[in-house]
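Going by the order they are written in, the chains are A, B and C; count residues from 1 in each one.
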Amino acid sequence: MIDFFITYRPVLDQILIVTGLAFSQYIALRAGVFSLAPAGFAALGAYTGAVLHMTYGWPVWLALICSTLMGVLAGALLSVPLARLRGVFQAIATLAFVQIIVSLSLYAESITGGAVGINGIPAVIKTPHLLAFFAVVTVFTLIMNRYAVGRAFDAIRQEETVAVALGISVVKYQALSFAISGGVAGLSGGLLAFNTYSITPEQFGFPMLILAIAAVVLGGRVSVWGPIVGAFILTSIPEIARPLAQQRLLVNGILLMLIIAYMPMGIVDTFRRYLAGRRQSIAGAAGNRREP
Amino acid sequence: MTSLTLHDISKHFGGVAAVQNLSMRTEPGTITGLIGPNGAGKTTIVNLITGMLGVTGGRIEFEGRDITALTARDIARLGVARTFQNIRLLKEASVIENVVVGYHRHETSNTIANLFGLRSARAERADFYERARKLLALFEMSDYEHHTAAFLSYGHQRRVEMMRALATDPKLLLLDEPVAGMNDVEGEYLGKIFRRLADDGISVLLIEHNMRFVRSLCDHVYVVDSGRLIAEGSADYVINHPDVVQAYLGT
Amino acid sequence: MFLQQLINGLVVGSIYSLFALGFTLGFGVLNILNLAHGAVFMASAFVGLYVVSHLELPLAVAFLAAVLAGGVLSVLVDFFAFRPLRKRGADEFGALVSSMGASLVLISLAQQLSDAKILSFPFGTFPVVFYQIGGVRFSLLHVTVIFCMAVMVGLLFFYMYRTKFGRQVRAVAVSESTSVLLGIRPGVIYFQTFFIAGALAGVAGVIIGVAFNSVHFLMGEPMMLRAFLVVILGGMGSIAGAVVAGLIIGVLQVMTATYVSTELSDTVLFALLFIILLVRPTGFFRGLRREARVTRQ
């Protein structure tokens, strides 16, 4: 049993970090923001953390806090122009954002090491740290969903005009969700940097962007379990079936098309809805005789 | 004191005049009817009042305050609630969650408390759910508390929408065809609730097609056609008014 | 020198216009943001290359093959990525994600078929002929590109505004449900729009492949960025807008590369995209869709 764990530790680490990205994606989408930005926030967080530690000698824990803050700041700033845009244009804008970050990372060689990236980062973040991270983010999201913030997000996402008619500030809550999304992804990026020995700009481009969105499309965008299940499946598949590892892009692509066409709510939410439907039809049959 | 006053309201979309020189008002504790043939501009008027559309001309006052230029959100926060012609519930949420959303404008706990589940947020949530349950009981929907809104019958969905509007504790309630597609029993049931709300001091503006319903409930009725006011008065007076009859029947 | 670079910019811009025209058609007519457009462009370039290097046929044939391939691939993308969603009544999110998936599929297939290598057209595919007027040097290729662009745009204008089919396409752009009531079959319109868009991408693909002498599986992605810019700057669904915006962006890119740095030219374009979305998201031209909604109510 221990052997299994030891062999698969790196995979578990990977899953946990991808879950962070998936949660970042989930939080933005939850509030109805059509963001594809997590990969960009992760890049910011990763480089901030790595540079602060490697170039300026800051302690790792402080560097990671800054990774998170950098993500929050970027999210808050970006939300201003984003708030005025409609769905697909938010997607375009955030896509462009991710590309800008990658381009800048390639260009600002003196700070980021350019295409070579930053190497020799001490891999001080281990599985226990990542498990703690996972637990914290999950609990935080559960709490967020339970109280006013989550309620506001849901209203805005499902029926924006209703949200406005109820006095909910769409701008405020979307900015909030984007800032939180940024923070979670920034931290994920920072943890990635201190878990693997190096970071390069290409890591944070299209493939990571796709991974984040595919995880929530696959797993689900409403239940907290959605991003967890999605991240788990997407990260494990290439490990379990080696040939699929080479075809990662192809598999992700086909998966995206199939899921969005035939199970658009994602695995977890579809399942929950099915359960709710069954429960209610049984209850409804009994309760329907009580019409006034 | 009147609750809502429309002074000479106009709304133009490009060259089309959806509403022209309309003046009307509502009083607290009364049910005011707004009727007219399809396309007369009734929903547009509601959208203008709630701030979802901007007026092209004229002034809107609510409780003595000029709300013409306010945003929809600000107007909602002043105590104006509405229901929608096509039901807009949060389909994926449960019945009680749909109602609880309505308490938003009464929130006092701050964002940090709500993000971290601090005491003030927990207390507020418990309080809101308690109040929502009372509303559910009033509307005889207690058994459906955790049902997903999407799976409810049409009549039940309408009730949920009503409860949500009431959760905001409105001073002015705009009902856009609240009993459309319902049978008489359901309609009567809701009608009694509207009467009770008015008796409690709320100002109710009712947009409806169902004449019998309007007649049994409304204290005062305005009739619009093609964006203009063509008659006003008591329900009986208005229903027999020649202009009104002509508007509904064509030529 | 400046004039020289201006010409270069206009040529590059023409190609961007061609590519963006297909993209903006999809958006303007069908309200679909087809993220797989870049992959179709790339795949057509490969087809053109194959015809010349393996089948050893002249460039003109390759050109036609690429146009056909682009059209067919584009229709296939619609069939697999968008049609199932239309039947279900899916939203924008679904369409966008699905087109992302289709793009990934095409890209990874191309990656494997080409072994992730950068391929190029055989030497002598296109005659290397230069002209000199004043201090400005331009090649036959430059002239051909601009000529191609002009012809394509002209054909498109003719098709859209002077033929029956074109009228139907425009009707669907304004209101699909009304068009159905008028007896127009949306399926046919979708087919045509996607085919034309793909064909235009095919033209652009071969031209880029020949002009820059490189064909590789990721060549579509930078083009998508340009297309976003064109569509936002030039307005959704506007043919004139796509042409003008494409030219402007081509010139801008060449100037940035010449006078600032090549690596930064991408960043500059992205930043411009952001700024425009911030300042004037609806673009500067009116298009097929008169009230394209970019901003929230």
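Convention: contacts are C-beta pairs under 8 Å (C-beta built on N, C-alpha and C of every residue); 3 or more make two chains touch, one makes a residue touch a chain.
All figures in this text were calculated on a predicted structure; none of them were measured in a lab.
Q: Touch graph across the chains, line, ring, star, complete or other?
A: line
Q: Would you identify the chain whose C-alpha centroid lies closest to the centroid of all protein C-alpha atoms displayed?
A: Chain nearest the centroid of all protein C-alpha atoms: A.
Q: From the mean C-alpha coordinate of chain A to that of chain C, what's the distance rounded to whole Å?
A: Measuring from centre to centre gives 31 Å for this pair.
Q: Taking the mean of the C-alpha atoms as each chain's centre, how many Å separate chain B from chain C?
A: Centre-to-centre distance between chain B and chain C: 48 Å.
Q: Provide the C-alpha centroid distance between chain A and chain B, rounded to the nearest whole angstrom.
A: Once rounded, the distance between the two centres reads 39 Å.
Q: Out of chain A, which residues touch more than one other chain, so two or more?
A: 161, 170
Q: What parts of chain C, by residue number, touch at least two of the other chains?
A: 297
Q: Residue numbers in chain B touching 2 or more other chains?
A: Residue numbers touching two or more other chains: 52.
Q: Where on chain A is chain C touching in the complex?
A: So the residues of chain A in touch with chain C come to 34, 81, 83-89, 91-93, 95-97, 99-100, 103-104, 106-107, 160-161, 170, 206, 210, 213, 217, 247-250, 252-257, 260-262, 264.
Q: Show me the residue ranges of chain B that touch chain A in the complex, using the header's touch definition.
A: Interface residues on chain B, with respect to chain A: 50, 52, 72-73, 76-77, 81-82, 84, 88-93, 97, 100-102, 104-105, 107, 109, 111, 113-117, 121-122, 124-125, 140, 143-144, 147-148, 151, 155, 164, 168, 185-186, 189.
Q: For the complex, give me every residue of chain A touching chain B.
A: My answer: residues 140, 143-144, 146-149, 151-152, 154-155, 158-159, 161-162, 164-170, 176, 222, 273, 276-277, 280-281, 283-284, 287, 290-292.
Q: Where on chain C does chain A make contact in their complex?
A: So the residues of chain C in touch with chain A come to 33, 80-81, 84-85, 88, 90, 92-94, 96-98, 100-105, 107-109, 111, 221, 225, 228, 232, 263-264, 266-267, 270-271, 273-274, 277-278, 281, 293-297.
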